[in-house]
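Questions regarding the structure given below will be posed in turn.
Each chain carries a letter (A, B, C, D and E) given by its place in the written order, and its residues are counted from 1.
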Amino acid sequence: MTASPFVLEIGLAALFLIVFFANLATTRADRRHLGWLAFFGVAALTVVSMTLAPTAPALGGAFVLDGLAIFAKRLFLAATAIGILSGLAAPETPFLRRSGEYHLLMLSSLLGMLVLASARDLILLFVAFELMSLPLYALAGFLKRDEASVEAALKFFLVGSVSSAIMVYGLSFVYGAARTTSLTGTAKAFAAGEPLVTLGLLIAFAGFGFKIAAFPFHMWVPDTYEAASTPFVAWLSVAPKAAGFVALFRVYFEGVGERVVYWLPVMAALATITILAGNLMALPQQNVKRLLAYSGIAHIGYLLVGLAAASAAGTAMVLFYLVAYVFGNMGAFLVVEAVTRSEGSEHVSAFRGLAQRSPLLALAMLLFLLSLGGIPFVAGFWAKLYVFWAAAQQGLYWLVLVGAVLTVVALFYYLLIAKRMYIEPPDRPAPVLVAPTLAVSVVLCLIGIVALGVWPKGVVMAALRVAAPLF
Amino acid sequence: MIVETVGFAVVAVVLLASSLAVVLTKNLFHAVLYLAAALVSTAGIFLLLASPFLFAVQLLLYAGGVVTIVVFAIMLTERLVGERIAQTSRDIVNGAIVAAAVLVAVIGFLVQAPAMTPPATAVAEQTVAIGKALVGPFAVPLELLGLLLVAALLGAVYFARAED
Amino acid sequence: MGLHAYLTLSALVFAIGLFGVLTRRNAIGILLGIELMLNAVNINLVAFSRFTGDLGGLVFSLFTISITVAEVALGLAIVIVIFRVRKTVEADRLDLLRG
Amino acid sequence: MRILVWLPLLVLGLPFASFLLLAVVPPLRRTGRGAGVISILAIAGAFLGALGVWTQGFRTESRWEWIPADGGPMATVGILVDPLSAAMLALITLVSLLVQVYSLDYLHDEPARGLGRYYAYHSLFAFSMLGLVLSPTFLQMFIFWELVGLCSYLLIGYWYDRPAAARAAVKAFWVTKLGDVGFVVGIVMLWGTTGTFDFTTLFAMARENQIPAEGLTLTLFLIYLGAVGKSAQFPLHVWLPDAMEGPTPVSALIHAATMVTAGVFLVTRAQPLFLLAPDVMGIIAAVGAFTALLAASMACVETDIKRVLAYSTVSQLGYMMTAAGLAAAAAGFFHLLTHGVFKALLFLGAGAVIHAVGTNDMFRMGGLGRAMPQTAIVFIVGTLALAGVPPLAGFFSKEAILAGVWQHGATTLFVILALTAFLTAFYMFRAVFLVFFGRAHAAGHPHDAPWLMRGPLWILAILTVAIGLRYAIGGHGDDAHPAPGWLAPFSVVLALSGIALAWAMYQRGAIEPAALSRALRPIDFMARRRYGLDALYGGLYQAFILGFSGLIGWIDRYFVDGILNVLSAWTLRGGDGLRRIQTGRAQDYLYGVAFGVLLVVVWFHWWAQ
Amino acid sequence: MTYTLPILSLITWMPFIGALLVMFTARHRPLAVRLISLATTGVSTVLSVVAYVAYDSEAAGFQFYEKFALVPPLGINYELGVDGMSLLMVLLTSIIITAGVFASWTVQVRSQEFYALLLALVTGVYGVFCSLDLFVLFLFYELAVLPMYLLIGIWGSTGEVRPRGIFAWAFRETGVGTKEYAAMKLTLYLLFGSAFILVGIFALWVEAGQSSFSFLAFEATSFEPGVQRWVFFVFYVGFGILAGIWPLHTWSPDGHASAPTAVSMLHAGVLMKLGAYGVVRVGMGLLPEGAVDLAWLVGTIACINVVYGALSAMAQTDLKYVIAYSSVSHMGLVMLGAATLTEAGLNGSVFQMFAHGVMTGLFFALVGLVYEKTHSRDIPKMGGFGRVMPGIATAFTIGGLSSLGLPATSGFVAEILTFMGAWRSDHRWWLIPAVVGTFLTAIYVLRVVKQIFWGPPSPHFHHLEDARGPEWVAVVALTIIIVFFGMVPGIAIGLVDTATVPLLARLPLP
């Protein structure tokens, strides 16, 4: 007997309920054990996800558990597990007393992602999308006594709701022209040249663009990243983005059938300006989180390069990139968390002389940065290379050149952090104290990028395998 | 047919007027009231489109629920600040240009779309059909929706409670 | 009345909502604009549903309405928190984070 | 057969071995005199070998691959022994040997370390010079050509902490290198048209008219430029007088007897090729004659004894070049050999004088004939030879050249050379009278040099006389240019009148030198300022090369690199400007979203259609 | 194959193993660090000599071949092999790194990290020369460039450059002169180049329609002339930046001047050759028509390099800048030789890479020594050092002579071959700038020698001394190599010729 296609979702919903009731039942002020509960639950689900095999579509084709979905779900689960683990050490009051709410929101968002990865129906997709997004607004403002944090939450919320309003407006056209909410119907309508499908998909891009933070939908990103709690941002910067890309595949590749190349110019242009804007705007940043936020935008641009290829290879390479990006970016944010906790500052100067204070932490940060910068023997290198390769296959040499050249700009600011860590002398000799859970999270990310960097083959092959049926 | 046309014209005018009032009026309370008017006229459109169920939902859930919450929020914030809520607009021209551009973009596609004629009769037993659909093919979205409401509530409650 | 009339009407409402979103200073005002935009979506969905005879649009609009409500609830909660902390709901003045 | 190859190789190898030994084994070098002995032994061996080669009249040619290439080597190295190179071998090894012996005492005050270095350079020089004359190819000749230039540079700069010496060394290198640039371009061009550097092959091609005439004149002119630099021909002669900053034995060896004659040797060696380009030959002759006169005029006003000799060297080289340019290469070469001997003698004699009085200024010497009679005698022998007084060596060689010029019908050149001969006698005896006769100026007690220095002087003096006598008795060896009968008396008269003038001016006081200067004011003025050439070159170097380099350096730093910095600064500023769209106000972010939608739609329209 | 030993892999990865050992076993034991570095680079050196000797020049082609699949779907293979050209470069690398280990014997600060980074970098360099898979080549290329940032940033020295001229504002904004500036400029500039290389490689892959990045497979493909032209151009720009082509050379003076001794040696000595090697091997080797079409560009730029670099070098007062600009000039000769598309020129080009590598390595080693003793790079302040440091003076002079192309040094052989090639090429006038460049070199090199080592002792410095102990090893070894290969160039050129002749044979020359 094959497992139900909903096994992960059911498991997660159960976990949600368990945590929910445990939260009700607890009277203690310190409720971090709920976080542990959530962590172990998600970790267990991660393990379960590794055993999954594709199944036949359920709900009349609205819900699929194909290779792509499984690949994505594994990624979401792993990222969330690390995200939860790394947040367990946060000492602020909300995280102690409202640990239940915090983790419940995270779990519900995760559930949204899981469903999103499988949704092949506009309604399911929209609901899952909102289920993923709404808790994030709340989580962004979780430090509700913090002026910046709530401001960030408001901006995040406003941009998010407007974007999703625009998206659903677009989806309404898609539905109307396709006469069905099923994406298979959409593909047919698109192939028939229905102008409203095109219009709908173009408008709906606002929502996806917001979620993946492509320029110019990205503007909430730096503010939110800067103000929200770092472990959450680490997770926010990767998992929902990955989900956004999977949704993009579903709607813009699966949903349009054979005419995917239609998107090529738009995606290529978006990729270009996103890379350009992200990298340029990161240059003057002095706040590490803000810097990473902008660099993250640039990475979205690189992912869009893969998307622009509009091919199975491109899709696969985007998936690979996402894996590399999840580990690399999360790792970088988590190191930032460790350092800023210790130094009480998010300014880049907090990294001064880190190599001499905590050489391993500095090395970890260096590797994360190199991975983000796309340097050999860490995951990010292969990631960039593969998306470029995919783009080159489509003859988009200019895009590859632009992307590769702008990597150099990115390396400028990454190296500036490396300079702070390695070249400048430390202000004080004491090593940076890192909470054990945080350290474990960092190590997990490190293992991820190094393993992928040294032996990318496994994941690449898997990604190619799951991407092939989309086309 | 004429009834429908006239009805549409009337409702459309009311809808557009109240919409404009929502975004232009200075007083936030008035804006909310205009929003209620807009929502109600939308409900009217649903009627014209032969969807009584949605008409009801719109009136109850939307015009009733949403407007109430908003008014409640305005009262709350007003109490906190202790002064009347006035709202002003910024860069009206820019906003108008951008909004108009989006409108043009949409209309530009709309004119290319083929015209459709409605089926003679609307969906029979609409309420029943919707109910069946919700527990049938759309059961999973519905459950997710429930979870979404819980999550939103969790967040809202977390923010709203004052003690911690 | 043809489909296009409804679609145009909804587009107008959508544009007005967008205009409100872009020009309102007050966070609640922006929320009202969003409501208008979502309202336009509902008009679209119901109109399409009517003209195609497909039930999905109605269900879709039900979901949209519900989600809108959830969104508004959460949004207003955030507004209230902002009010507590910053003593203002003028979105213009909330520019602590920038650059 | 085997000995034919091995003997010249031995001659070549001994100095090289000595150099290697001294260069690679520092303790040996630091012994100073010990190093000198090694070097002397090596060169003595080489001398014996060279004598063997010369007297036996070997002719041999051997080649080995040096730069391999597909289908036969691109360049070979080897040795070519014929009378020309054999004679040069003998001259080089002889003068080297004598100079090295002489140096042992001349430089006995030097620290051991410095002396070791000195002898290492000497060995290297001997090796390079021998390699040069043994070259069977242009390329190999160029290699050793440059190496002797290097040795010259190193030896001029032997006292490297003296700024003047340092300057002179560098100047010598640069000026000769300038000529060498022409040389290398020339041989590359020659290779380009003929595909070989090899003399034998080239000569064979020249005989059979297989060398394309097109561009040949230019090619040969460029090759000749190398000779201009090395043999101090106008306008590249300026380095040689300055080169006198080196130790005197070095001047004797390199800047009189051997290296500077390499140019003459080159033109002589490549005579079959040069004959194909009469224009170049004409230039060679004209420039040679002009150089001879120019240098002689400068020698007349010089007060530094070594510089007088240097100018006379330049002048004599001009003689040789004139001969070579007029297809009287044999005469030129003959003069090269005799000049090598007596000019070395003169330099070494001057060295002995300088050694004794501690100054180079002739006007601060005087009356040294009594204090150092042996030196005086050998110096006067050399002077007579240079002045062209029979029956000394110089007379015959000079006469051979004059004869050659006359035979060729180049009357102008003949007149110039005759005038030069007169001037030569004048300025040489001016030096003799100023140094050895008259009142003693010098403080201290000058006396004859120790035997290690005297010995070489005597040997050279005897040789000068002996060669002269051999020709006086045996007649001219060169029958190609039979001299007209009046030529010998004519040159004797020229020499004697020069001597007489010097005597009248500096010994007798009958003619006031200042009055003569006044009478010949423009020439005197120019000659004392070296005809402004040094100043011109200095100015060109400063203004043109340094100025231009300064300009380029500035452009590179502040313009080319400036543009790069501007680009990076713009990038940084662009980032800073761009981040200002991130105003922090939520509505502006919403604008972003709206713009995004518009952008996507507009782009789609642009590209999809 | 008689050699079952993976000799190239050993050569390539040995330094990397050394780096790991240094990083993890030799904490706070400076001597152990040095000995490990020496041992691992020594093994590479010995093996490269063995390979050099064992190379069968009768058979020619790529030998010591190794291959295994790395990422099969994309056709990325770990594929190594060397021919005469690359073998000479491998030999050069091993010479320079061994000398570099000795030259940095006195590095005190964070020596463990220094050696680890240095060794990692060397693996990259070896890898580029040995790779037959373009992708792996690219990988190694990046590895060779990146450690440079930290090496210069941490152990470099800051010079003085005053912002002036119309772009002074830009200089102030970029912080010109500091070692951080130099490190950043160098790293980013070279990575900028690698972006072009990447595009070129992908273009080849796509245009060849292959599922392999193998050099040999590409070699068997003939590309469209149009494609050849632009891809060659892309490679030329990409690799050319590393080779210091004008006007993309300005990273080199700043970078080399700021870098610590061993890094300057390695960078100017070997890494710049990576660029030239890339243009020849990848550009000319794979895109013969493109190379022929664009030879005029390559050669003309090279001519500018030669003269411009020499003149710039002459204008410098900072000793390291002089050497750095001289590298720009000499790399011009390298590129010029290649652009002639003649046997002589190409052999000269490759030999120049070797000769200049050793020579500039020697220069930087010596400048490092001088700097270490005087703590100054300001030429006008120096003077008369010949008396106190005769050994350094001698070696510097020999290096200088090689630089100006004096016979009996390897520089001469390279230059004369380049001249010959230039004259035989389609653009005879190239000979003129080349020759002028060598003359200008004579001027600035001897001027520097005179200023520093000759003349009366400078009043600014006291208690100077000659090199000592391990420092000698590098200096003496490099000096000997310069002279040895100058006298017996055949042992290098014979091997190089087996590689260049087939390469030229593929060119569609008239």
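By definition in this document, a residue touches a chain if its C-beta (ideal position, glycine included) is under 8 Å from a C-beta of that chain, and two chains touch if they have at least 3 such contacts.
Keep in mind the model is a prediction, meaning the values are calculated, not measured.
Chains that count as touching both chain B and chain D, per the definition above, are A, C.
Geometrically, the chain at the heart of the complex, using CA-atom means, is E.
Compared with chain C, the chain whose C-alpha mean position is the greatest distance off is D.
The most distant chain from chain E, with centres taken as the mean of CA atoms, is B.
Interface comparison, A-E versus B-C: the higher count of C-beta contacts falls to B-C. Centre to centre, using the average C-alpha position, chain B and chain C are separated by 7 Å. Centre-to-centre spacing of chain D and chain E amounts to 36 Å, using the average Cα coordinate of each chain. Here the spacing of chain C and chain D, counted between their Cα centres, is 95 Å. Between chain A and chain D, the centres computed from C-alpha atoms are 77 Å apart. In chain B, 90-91, 94, 98-99, 102, 106, 110, 113, 138, 141, 145, 148, 152, 155-156, 158-159 are the positions where the chain touches two or more neighbouring chains simultaneously. In chain D, the residues that touch at least two other chains are 572, 579, 582, 584, 586-587, 590-591, 594-595, 597, 601. Shared interface positions of chain A, i.e. residues touching 2 or more other chains, are given as 123, 127, 130, 134, 137-138, 141, 144, 154-155, 158, 162, 166, 173, 198-199, 203, 222-223, 284-285. Shown are all chain pairs that touch, namely A-B, A-C, A-D, A-E, B-C, B-D, C-D, D-E. Note for the complex: chain A touches chain B at residues 6, 13, 16, 59-60, 62-63, 93-94, 97-98, 101, 104-105, 108-109, 111-112, 115, 121, 123-124, 127-128, 130-131, 134-135, 137-139, 141-142, 144, 173, 177, 194-196, 198-199, 203. Interface residues of chain D facing chain E in the complex, by the touch rule stated above, are 65-70, 74-75, 113, 139, 142-144, 146-147, 150, 153, 157, 160-163, 166-167, 169-170, 173-174, 177-178, 181, 184-185, 188-189, 191-192, 545-546, 548-550, 552-554, 556-566, 568-570, 572-573.
Of all residues in chain C, only 1-9, 11-20, 22-26, 28-29, 31-33, 35-36, 39, 42-43, 46-47, 49-53, 55-56, 58-59, 61-63, 65-74, 76-81, 83-84, 87-89, 92 touch chain B in the complex they form. If you check the complex, the residues on chain D that touch chain C are 579-580, 582-587, 590-591, 594. Within the complex formed with chain C, the residues of chain B that make contact are 4-5, 8, 12, 15-16, 19-20, 22-23, 28, 31-32, 35, 38-39, 42, 45-46, 48-51, 53-54, 57-58, 61-62, 65-66, 69-70, 72-74, 76-77, 80-81, 85, 87-92, 94-96, 98-100, 102-103, 106-107, 110-111, 113, 115-119, 122-123, 126, 129-130, 133-134, 138, 141, 145, 148-149, 152-153, 155-160, 162.
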